[in-house]
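The chains carry the letters A, B, C, D, E and F, assigned in the order they are written, with residues numbered from 1 in each.
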Amino acid sequence: MARTIIPFGPQHPVFPEPLHLKLVLEDEIVKEAVPALGYVHRGLEMLADIRDYHQMIQICERVCGICSTIHAQCYCQGIEELMGIEVPARAKFLRVIWAEIHRVQSHLLWLGLFADAFGFESLFMQCWKIRERVMDINEATGGNRVNVSVNIIGGVKRDLAPDMTRWILSELDLVEQEVKRLEKVLLHDYTVKKRTVGKGVLTKDQALELGAVGPTLRGSGVAQDIRQLGYAAYGDLSYTPVVAKDGDAYSRNRVRFLETYQAIALVREAISKLPPGEISVKVKGKPEGEIVSRVEQPRGELMYYIKGNGKKNLDRLRIRTPTFANIPPLLSMLPGIELADVPVIVLSIDPCISCTER
Amino acid sequence: MTEGIIVFNMTPNVLRNFFSKSATRLYPKETRETFGNVRGELYNKIEACIFCRTCARKCPSQCITVDTKEATWQCDPFVCVYCGVCVENCPKKCLYQKNEYRKPAIEKEVIFMKGEIKKEKTEEDQQEK
Amino acid sequence: MIRGAILVTIGVVVAPLLGGLIAGVDRRLTAWFQSRYGPPVWQPFFDVMKLFGKEKLVVNGWQVFCAYIYITAAMLSVVLFFLQSDLLLILFVQAVGAIFLVIGAFSATSPYSQVGANRELIQILTYEPLIILAFVGIYLVTGSFKISQVLLQTKPLLASLPLLYIALCYALTIKLRKSPFDFSTSHHAHQELVKGFLTEYSGPYLALVEIGHWYEVVLILGLCSLFWATSWIGIIVLVGLTYLCEILIDNTMARMTWRWMLGYVWTIGLAMSFVNLIWLHGR
Amino acid sequence: MLNTLLFVLILGPFIAAALCFVVRIRHIRSFIVLAMACLLAAASLLLFVKGPFSHTPPSLLGIPTHWWILWGDDILLFTMLYYGFKHRHLLTKILVIFQIVCLDYFELFMVDHSKTFPLFVADNLSLIMVLIISIVGSLICVFAIPYMDKHEEKEGFQKSRQPKFFAFLVVIMGAMNGLVLSNNIIFMYMFFEVTTLGSFMLISYDRSEIALRNAVRALWMNCLAGAAFIVAMVCAYVTQGTVDAQKLIQAGHMGGIMLTPLALLCFAGLAKAAQIPFQSWLLGAMVAPTPTSALLHSSTMVKAGVYIALRFAPGYAGTFLSQCLAVYGAFTFLAASAMAVSQSNGKKILAYSTIGNLGLIFACAGINTPEAITAGILLIIFHAFSKALLFLCVGDIEQHIGSRDIEFMRGLYAKMPRTAIVALLGIITMMLPPFGVLLSKWMAIEAASKHLFVMVLLAVGSSLMVMYWARWAGILLSAPYGSQVTPERQGVLTRLPLLVLVGGAVVLSLCAPLLYSNLVAPILSAPSFSVRAGIFDNPTGAFLLYPVILVLGLGFICALYAARKARKARTSGPYLSGAQTKDPECFEGPMRKPVAVSSQIYYFESIFGEQRLTVWFNIFGGMFLALLIGGAL
Amino acid sequence: MKEEVISVTPDTLGNKIAEMKKNGYRFVTMSCVELDSDTVDILYHFDKNLELAHFRLTIPKNEAAPSISPVYFAAFLVENEIQDQFGIRFDGLAIDYNRTLYLEEEVQRAPYCRITVSNVEGSEGD
Amino acid sequence: MDTIKTFIRKSRIKSPWLLHFDCGSCNGCDIEVLACLTPVYDIERFGIINVGNPKHADLLLVTGTVNHRNKKVLGNLAEQMPEPKIVVALGSCGLSGGVFREAYNVIGGVDKIIPVDVYVPGCPPKPEAIIDGVVTGLAKFAQKKGDTS
C-alpha cells in the first residue's frame, strides 16, 4: 500500500527554522519520522581557533538569538572558573536579571509559536504583543533587542541605574498582568486542551533515559533544573523548579507558562536584593585546563565544555544545547500521532535548531 | 486557578483588543524615540583616529581594516554585527555608535575613511594622560 | 425578464465585489481583534489584481482547467441564488466547483496538495449533509425548495429553524475556512500545511480561486440571510451578527483536527438538525 | 413483426449462446457475438419505436407455452441442484429442492392454465429496460471479445473457456429481456432463475478456489431470492387466483392480504440486487472477468431486482412495506457509500457504488410518489450507462497497468490518456450536475424530503458518495510534473463500446427532459414535473437543466481553452518544502538521500473499515429485512 | 575539571556505560577533542541529580570507537556529530547518518581535525 | 487595458506576499521577522501576508548565513517563485555571513546564490529596519517586468 511521504521542512511556515522531517503517513497518522539537520550548521565552535577567547563571547551570543545572553553567561562563567576569577556580587545579580528577562522573552515567544502550531492565531499575536515590552527592556538596557551582549569575562559591561530598575519593574508588572489574562486560555481552554492534552506523551522514565532537559524534562515530572546548583546569584534567590507530571504537550506548555511568572518573580527578587558595588573585575592571564560549565536556558540545561591551553585561542569549545538533548525524546514522541499534531509536538520541546547545530 | 474546561476563553482578550486602540506603531509614519544606548550604526571621527588597529584586532567579525601607513580606516557595514567591542576598545574614543540602524541598501557598500597620519602621536597621548 | 437580467448581473458582477469587500472587512476586523491595525479594506482586490499580474507557473495543466470550472460553478451557483432558484440545485452546482477544486489539487503530485485535497474532501463530506438538512428544514416550513417561496414567508424562518441555523453556521465556518475548521487551507499567516489544497495554484489561477471563493462566501451568507428574509433589517442584522460571530470564533479557538471535526459536527450538528426537523415534522 | 422482435430479443440470445457453445472457432464466435449485439440493439430500438403493447405469442412448435416454461424451469433447477451437490453446499441443495417441489406442485396442480391473459406486456418501463439491456449489454459483449482474448492469454488457460463464457454472457441478456417483458409471473420467475444460473456460471469462470466459493455464494443467495419468488407466486395465486402481473398490481395490496406476496417479491428483488445483507455475492462476483461485472452491475441481474420493485411499486403504495422499503433503501445507500470510502480496489468501489445506487432506487420505489418513481427510472437508465462505462474502463486499465487498485491509477492520464479521460467522464457523470445520475438524485432527495429518516440517510450517503468518486477522479489526473503524455493505442472493439457508452452517458443526460416527458411521464399515475425549456419544475423545486448545462458548458470550453494556453506557461516542480531535487518526484531526505514523494488517499480504516462496518450493517440490514417481511405478514 | 574524570578503554567502555545506565544516570553528551595529529579524546558526560560524572576515552583517529547509542539512544546524535566533525567512526550506531548529519559533499574533510584552520572561502570585506 | 495594467502595477506594491526563509540564521533575525507580523509592527498594514509557500510569494526574505546544505533549498525556493519577485537579505549573516563568515560550513551571504535586491544590515536589524527594507524593496517592483497580460 502506498503511503504518504511528506518532506516536512526545511522551509515550512510552522517552524521558523529549517528543520527537515521525512514523515511517512497513513491516513495522516505518522508511521515513521526521520529528521535531517544541518541546514543551520555553521561550525562556529571551530571559530575558537581563529578568534581569541574574548571575541568568542560575541560568537557564543550568536549561537542563538533567543537565548543569546545566557549563552554568553555560560561561556563567561566557564572561562572565569577556569581562570579562577571571582565575579563581583552585583554582576552576578545583574546576570540573573538579564537571564530571567531573556527567559520571559523566550517563553512568550514560544507560547506564541505554540499557539500558532495549533492554529490559534490571535493567541500567537497576543503573546508576541506582550513580548514586545520585554524586548523593549532588552533594548533599553543592553542596546539591542536580541543580542543584549552584556556579559564579559569578569562580570558585565552595563549597569542598571535605579530608575532603570524601577522602569523594568513597572514594565514587568504590565507584562505579568497581561500574561495572567492568557492563563485561562493557555491552560484551560477547551480547544487548546483538546489539541495538547495527551499528545506526545513522554513518561518520566523515558524522559530520563532519553536525556531530556528543561521544561521537557520537568513536564514529565522530574524536578531538575541547573539553577538549583545556585550558579550566579541563584543561590541567594528563592527558587524551586516548576513541574508538571503528565509528560504531554500540555504539561510542557504548563511548565513554560508558569515559569514565565516565576522568571518575572525572580527578576523582582533579584532587583530587590541587588547589591551595590563593582560590576566587573579586570582579567589577566589566559585560560588553561578543561571545564564543563552549565546553566539553565529557557529550553533546559546548556553545557559548555571548554578546554584552554594557556593561549588566547581556546583548544576546544564544545556547546551542548538543550534542544540537542531534546531531539531524541522528540523522535520517540512522533510515531503514532496525527500529521496535524506534528507541529504541536515538535514545538512542544521548544526546538531551537540554530542552537542545536551551531 | 479555576480548573475545568471552558470554550471561548480568549473572548475577553480579543474583545478588549477590539475596543481599545491597536498596539500597532504605524512605523514609517510614526517613529518612536529610540532608547538611549542603542548600538546602531558605527562611525569613526576620523580626525581623532590614530590608526592604532586596536579596533580591527578586537572586532569579533573582523570587519575593520586599518591601514596605518595610508591612514585609512575602513569598515564593512554588511559584516559588522554592531556589537560595540571596537567602540569599547578604541583608545581615542573616536569610534561611536549612533542610536539608529543603518538604512537598507540596494547595493553593497563599505565605509571608507581617510584621515591624516598623526605625527605628534606621542605628544597627544601624553596630553590625554 | 428585465428583472431576471438585473439579478443575473448582480450575481455575476456585484457578488464578487461584495465578497471581496467582506473579505477585506474580515481581515480588518480580525486585525482589530488581535490588536493590530490591519490592512486596508480593499486589500483583497489588490491581492487578486496582483496575482493576475504574476507570471503563470503551472505544475499540471489540469489545475488550470479546474480553476476555471471552479469559478464558473461558483458564479453559476450565485446567479441561481439570485434568480431564486432551487436550493438543492444551488448546492449541487456549488459542489461542482468544490469538487473540481479538489480534483485540481489531486492532480498535482505534491504531497501537500494531496493532503489538502483529502482534507477538503472530508470537509465537503462534513458540511454537505448539514446544508441539505437545513434545506429540508426550509422545505418543511415553506413546502418548497425554491427560494422564491422562502421570500413569500411572513415569519422569519429563524423562528422555526433555530437549531438548523446553528448547524448551518458550522457549514459556514467550514466554508469560510475559519478556526476551528481551517485545515484544508487557511487564510492566515501560518497556513495549515502551506495552504493545503491550494499549494500548487499560483498567480492568475490562484486569483481565480480567490474570486471563486468570494462567490461562495456571498452564496453561503445569502443562504444565511434566508433565515430572516422578511425584512432588510433582519437580513443585515442576522448576516452581520453571524459573520461577526464567525470572526470571533475564529479568534477564540484553536484549529482542530479533521478527526475531531468529523466526530463533532456529525454528532452535534446532525443531532441538532434532526431534533429541529423532528420538531417541525411533529408540528 | 412483434413476434419476430420478441423472438429475437428473448430467444435470439439463447440461440446465439448455443451457437457459441457449439462452434468453437474464435473468429466465428466473435462474429456471432457481434451480429447478435447488432441484432439485439436493432430489435430493441424497433420494439421501442413500436411502443407499448400487450401480446400473447403463439405456442412454440405447437407445444403450449406453459409446458416450455415448466420444462425450462425444471432443467434449470436440476442444473442448480447438480451444482449444489457438486460443490457440496447444503443450503443451495435445500433451497433448490424446495423450489423444485413448490414449483412443480404449483404448476401442475394449482395453476389453471386455461385462463388466458397477455403473456407479454410492455409499458414504457419495460421498453426502457429492454433498451438498456440490449444496447448496454451488447456493448459490453462487444468489449468482451478482445478483452477475453487478452484475459485468457494472461491467465494461460490450456483450453479456452470462451465458448461457455460468451454463451452465458448472452443468455443473461435474453433472460433479462424476457423478464422485463413477461406479464406472467411464472415466466418472470423462470427468467429470474436463468439469470441466477447464468451469473453462477460466469462468476465461476476462472475456476479458482475463490471464484468457485464466490459463485456458490451467489448461487445460494439468488436461490433464496428464487425461493421467495415462488412463495410469493403461490401466495398471490391463492389470494388472487391469477398469475397476471398487471392484475396483481392493479389489485393492489387489498388491505394487506396481498402484502405478503408483494413483500416477498421485494425480498426477492432485494436479494437479487445485492442489498445489504446480501451484498457479499455481488462483491464476490468481482473475481470474474470485468465484462461479467460490467454486465451484472449495469444492465442486467441486479437491475432485475430493482425492476421488480419498481414494477410492483403501485401495488404496495402507501403501505408500511413501502415506508420500510424507503428507509431500507436509503440505509443501504448510506451503508454502501460508507464502505466504499474505505476501499482502494477500483472494482470494489464500483460494486459498492452499484449497491448504493440500487439502494437509492429501492428507496425511490419505497417513497412511491410519482417524483420518486421518476427518479428511480431515470436512475436506472443513467446508472446503467455510467456504471458499464466505468467497469469497462477499469477492465481496460487493469489489462494495461496490471492492477485495479486506484492507488496504482495515479497519473493514469500520462499513461493512458484516452481511457483516463473516459473514466473521468464516467465518474463525473456519476456524481455531478448537470448529468443524469445527479438529476435523479436531486429528484430522489426532493421526493424524500417528507421522510425524515430517509432524508438524513440520503444526505449523509450522498456526501460520502461524492467523497469516493472525487478522489478517484483526482487521482487519475495526478500526472507527475514534466511527464510526457504517451498516446494510447486501443483496438476498435475496445474503443467503440467506451465511446458509445460515454457518449450515451453524456448525451442522455442532455436529453433528460425528453426522456422524462416521452417515456417516464406516461407511466406515472400523475405527472411529477412540468418540463419547459429543459427546466424540471414542480411546486417542490426546480432543476434548471439546460441553463446549467449552458453555463457549465461554456465554462468547460473556456477552461479547456485556458488549459491549452497554459501549456506555454513555465512549469515548475511541486512544492516540496524547498527540498526538491532535479528529479521532480524526489526530495532530498535525511542522509542526503533522494526520497520519492508518494501520496495515499485516506481510507479511514478506523472509521469506515469494511470489516467492522460489514458486521454492523449486516445486522441492521437483517433487522430491516425482518421488519419488512414481518410487517407485511 | 572539577569532577573526577575516569579513563576508560574501548573494551571497558561498554560495561561502564551499562553500569551508569543501571545507576540511573542521565546521558548529557559527549565531547571530542583533538589531542594531536592522530589521537582524540572522547569525553562522556553523565548527570545524576545535578552531579556530573565523566569518562575519558582516548583513541586513535583511524580506529572506530564503540557506539553507546544502543544503550543510551540519546547518544546517536552526538556520535553522528563527532563522525561528521572528526571523521571518527562509531561502531553500531543506532541511526547512522554516515557523515551526512551536517555536512554536504563540499566539506569532505573532517573540519575539526586541525588545530588551526583558516578556511576563509572567499570572505569579503577584509 | 492601460488602466488595468497600472492597477496591477499598483497592486503589486500594495500586496507583496512574503516568504521567509531562515537560511541558517541564529534566530535573531528570524524572530525579528516574525515580530514584524505581530501587533506592534503589523506589516499586514502594507498588505503583506506571510505565505510560507514560494508559489504564492512575491517577496523573499532571507535571514542567516548560506551553508552548503541550505544553499540548495534557497535556490529551489527562489526558482519556485513566480516573477516578479524581490529578494531581501536580512542581517549581517544574510549580507555576508557576518561573524560566521569564516566558519567552515559557511559560504557567505545570500547574494552568493541568488540575486539580492535589498540588503538590510544589522545584527539583527530591528523590525523597523526590516520594514524599511521591505518598503525599499517594494519600490523595486515598479521597475520589474512581469506578466501583465
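A few points about this structure:
To be clear about the criterion, contacts are C-beta pairs under 8 Å (C-beta built on N, C-alpha and C of every residue); 3 or more make two chains touch, one makes a residue touch a chain.
Remember, predicted model here, so these are calculated numbers, not experimental data.
The set of chains touching subunit D and also touching subunit E is given as A, F.
In this assembly, the chain whose C-alpha centre lies farthest from subunit F is D.
Across A-C and A-F, the chain pair carrying more C-beta contacts is A-F.
Between the Cα centres of subunit A and subunit E there is a gap of 24 Å. One finds 38 Å separating the Cα centroids of subunit E and subunit F.
Per-chain Cα centroids separate subunit D from subunit F by 59 Å.
Shown for subunit C are the residues that touch two or more other chains, namely 31, 33-38, 55-57, 111-112, 114-115, 118, 189-191, 194, 199-200, 251-253. Subunit A has residues 4-7, 10-14, 28, 34, 38, 41, 43, 46, 50, 58-59, 62, 120, 122-126, 129, 132, 144, 147, 189, 191 in contact with two or more other chains.
Counting partners per residue, subunit D has 570, 572-573, 575-579, 590-591, 597-599, 602 as the residues that reach two or more other chains. Of all residues in subunit C, those touching subunit D in their complex are 55-62, 64-69, 71-73, 75-76, 79-80, 85-89, 92-93, 95-96, 99, 102-115, 117-118, 121-122, 124-126, 128-129, 132-133, 136, 139-140, 143-146, 194, 199-200, 262, 266, 270, 273-274, 277-278, 281.
Within the complex formed with subunit A, the subunit E residues making contact are 1-3, 21, 24, 26-29, 31-34, 43, 45, 47, 49-50, 52, 54, 72-74, 76-78, 85, 95, 100-104, 111-112, 114-118. If you check the complex, the residues on subunit A that touch subunit C are 4-7, 12-14, 28, 115-116, 118-126, 129, 189, 191-192, 194-195, 338-341. Listing the residues of subunit A that touch subunit D in their complex gives 1-12, 20, 22, 25-28, 34-36. If you check the complex, the residues on subunit F that touch subunit C are 7-12, 14-17, 37-39, 42, 44-47, 49-53, 55-56, 58, 80, 82-84, 146-148.
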